[in-house]
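My questions will all concern the structure given below.
The letters A, B and C name the chains in turn, as written, and every chain counts its residues from 1.
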């Protein structure tokens, strides 16, 4: 049995702030297999982003302190030297962030930024510009050879999301860590990005770690789900199992607050509980509110 | 939505909604706003008093005890400034102690700024009270070039030495603790009177700038369209010119006088404030609480007065505080160049007076400069700390180290959300 | 972009015209400081007061109707005929031509040093927040911005000239420009100007860079594997140059112009500042006017350059963006 692509063992992320120590992540364990999509869910403040950003140590290390192990292809990133780490970043593990517009540098053309990623991780012999155009085309940006020289602000939000994906894929990574990349987009755009992600995953054999608080997204693309609450994993499993029969009360409440669901799951002692269909009375938006 | 005060007595905590007297709130629905009216009345009263004094026949001193003093228009301006400052700066803090405490707690985090505040308090005390207690420096050539109390110079330097001459060296005395200038004016007295000049220039000009800038900025933001465009173009013009040289020219042509200085500075330095107020107002106009108020039926005037201006005032105060040191330096520079008010003793003028005697009487140029430097430095520190303290959008814990954004989750936590 | 540049150029010309009109207006409105001096001198020699006044006004051209004087004034400025300097007995333009090299001699190095140093320190501060170096840099910026230039110059003279004798007390123009003596006598002036300019630069550079240091795209660059040095230069500095350029040229120039004026007066350097000061003392109106106009024009030009730089550096600017300035 091959080792998982990503293996997080007892990850701890503590922040030293003026008022003391904030324990954002407190002993988190999970794996991501090649070709699989693992979704990390939880409410705001649960530690999802801190977890995601610890994988390649993107957090500024004072004030953050990391503990535990993060094994990427068997190697622990938490104890790697800086140079090694830089090779992993973008080359093995790539990131897509919440606001794609903000993750693109406004003063450089899209092509420049793609080429930067390509030059960092691919052979020098590769024609970087051609490859950049190819990438842009692959993520679905029309008229790539012309638009390659445009600036980020000249693209729509959805297209910026695609460009961010292209940038992530430029280094031919094995694992893609996506932190709410579709949060800022409207529903149809979101759907098309998720479809794109799905296609790219099957085409490149990517493992995906998808951080989100939107259960709809999880249902759409997730294979497995990890539920975080206050820095700890409270439940994990296949998406279907967890959604059908959540065992942890927190997971249940998370699912409960998702409108339009017919709630039906078995209690611990086996009796099925028959919930009324909730017809969207719990608020006007999709999100679990702050509790 | 009237709540019921619970059974714990009639002196309910004023923060609790049940204790709000809705009748008073409802009655205060506009009409003539009280505070601006009061301030205007006070200013008019001052103007009348000063005007009467200026026109009064005789030209003698206004008061004879404890010191002989004649009230001038400049003094009137100064008092008016203090009135405005108290009404809009001190009174709101007094009326809302919780807010005041919060600001103070944040301000206190900057230790250097707190020290600077004490320094400034001292400077203000010296500037306002000093001239009432110490006599104005007068020219008395016979006692020129006296060294400070802790120093001695060769006896050939001063014309005649006030203190003892020991071994051919003239020693300083406590009669002139900081020495005298070449024409016999006491340095200590000069520094004290110079403090008042700097205070007057700094505070009065800053007040004018704030008043004009805020008004123009709010009008531009509220009116929009052509008015906005025109006003901002004017501000562009005003801000493009290097003010120093134009002031130089004006002062040269018309002669320096404090009132002219203040008027010229005041009428040309408000551009930055106006721009700031305009952009902040525009930003906040789109925020939720403004929209909510408008939806509840508030008029534009009400919105401006009650919601927008108070929210912008923090930035304005910081802006004003940071203007003052520049103004003081400007006045000192012009006084140094001889373009200041010849009738007053200004720090810059004394520094200039000592320039030719650096080798023999170093204290003349050096000591007033220390006062100038320290005052300006203190103002800058306080202004910087105010900027941090008054910005309502930065939550207390998220500044400093955690402000480096160690992941959005952690920063949110550090904000002080108590529920774990 | 071209349209923007042309628009700013037109604006500069308008502003120049406004300055000229304003100064003219002031001249007309104000009593001529040179008049009383001249008249007093004439009266002493037995001339009649009224006649003296009139001949002065005629000589100065002040007896002509206002509009004609205005036209002559504008034409004169444009053709570089800036009048005659009584105090120096030479055309104003000549006086300026002799003086400006002395100003540039120390101001240009100061400007250069402070730009580079200021940006470097500011960048370092922003990327190493709350470190010892950051606090040191901030303190330096505070002190540099608070210290009165003319006083600092005097103190330097006192300490290094009078006490230590490391720098000369009087400026000599008879030394070769490329000589150790010249360097020694220019060291203090350059230091004073550079300090003020650097202080302002550090503050702004730090603030501008700080905005970007925490930007999302910096994190994205880190996630791509970009090494820290390259990140700072390519991803922080380059975008930060946009807001930085709004002060880099114009404001910095403004600081240097004022600073150098005061410095020259203190050290006795015969540059434009001292020329102006002497003209003021001696009531030489045309020379004062010229030495007021010249820095103003330089500042306006600086503004223009700055606007163009801003547009060139920020691809988001199309035309006339006042927002975000």
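The rule is short, and it goes like this: contacts are C-beta pairs under 8 Å (C-beta built on N, C-alpha and C of every residue); 3 or more make two chains touch, one makes a residue touch a chain.
Predicted model, so just to flag it, every value in this text is computed and none were measured.
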| item | value |
| --- | --- |
| Chain labels contacting chain A and also chain B | C |
| Maximum centroid distance from chain B, chain identifier (CA atoms) | A |
| Pair of chains ranked first by number of touching C-beta pairs | B-C |
| Between chain A and chain C, centroid-to-centroid distance (C-alpha), Å | 53 |
| For chain B paired with chain C, centre-to-centre distance based on mean C-alpha positions, whole Å | 27 |
| Where chain A touches two or more other chains at once, by residue number | 53 |
| Residues of chain B engaged with two or more neighbouring chains | 400-401, 404-405 |
| Of all residues in chain C, those that touch chain A in their complex | 215-217, 219-227, 235, 238-239, 242, 313-316 |
| Touch list for chain A against partner chain C, complex | 53, 56, 58, 86-91, 94-95, 97-99, 102-109, 116-117, 120-121, 151, 153, 164, 167, 170-171 |
| Complex contact set, residues of chain C against chain B | 15, 18-19, 22-23, 26-27, 29-31, 33, 129-130, 142-143, 145-151, 154-155, 157-158, 161-162, 169, 214, 254, 257-258, 261-262, 265-266, 276-277, 280-281, 288-289, 292, 295-296, 299-300, 303, 322 |
| Chain C-touching residues of chain B, taken from the complex the two chains share | 232, 236-237, 240-242, 244-246, 248-250, 252-254, 325, 329, 332-333, 336-339, 348, 351, 355, 358-359, 362, 365-366, 369, 372-373, 376-377, 379-381, 384, 400-401, 404-405 |
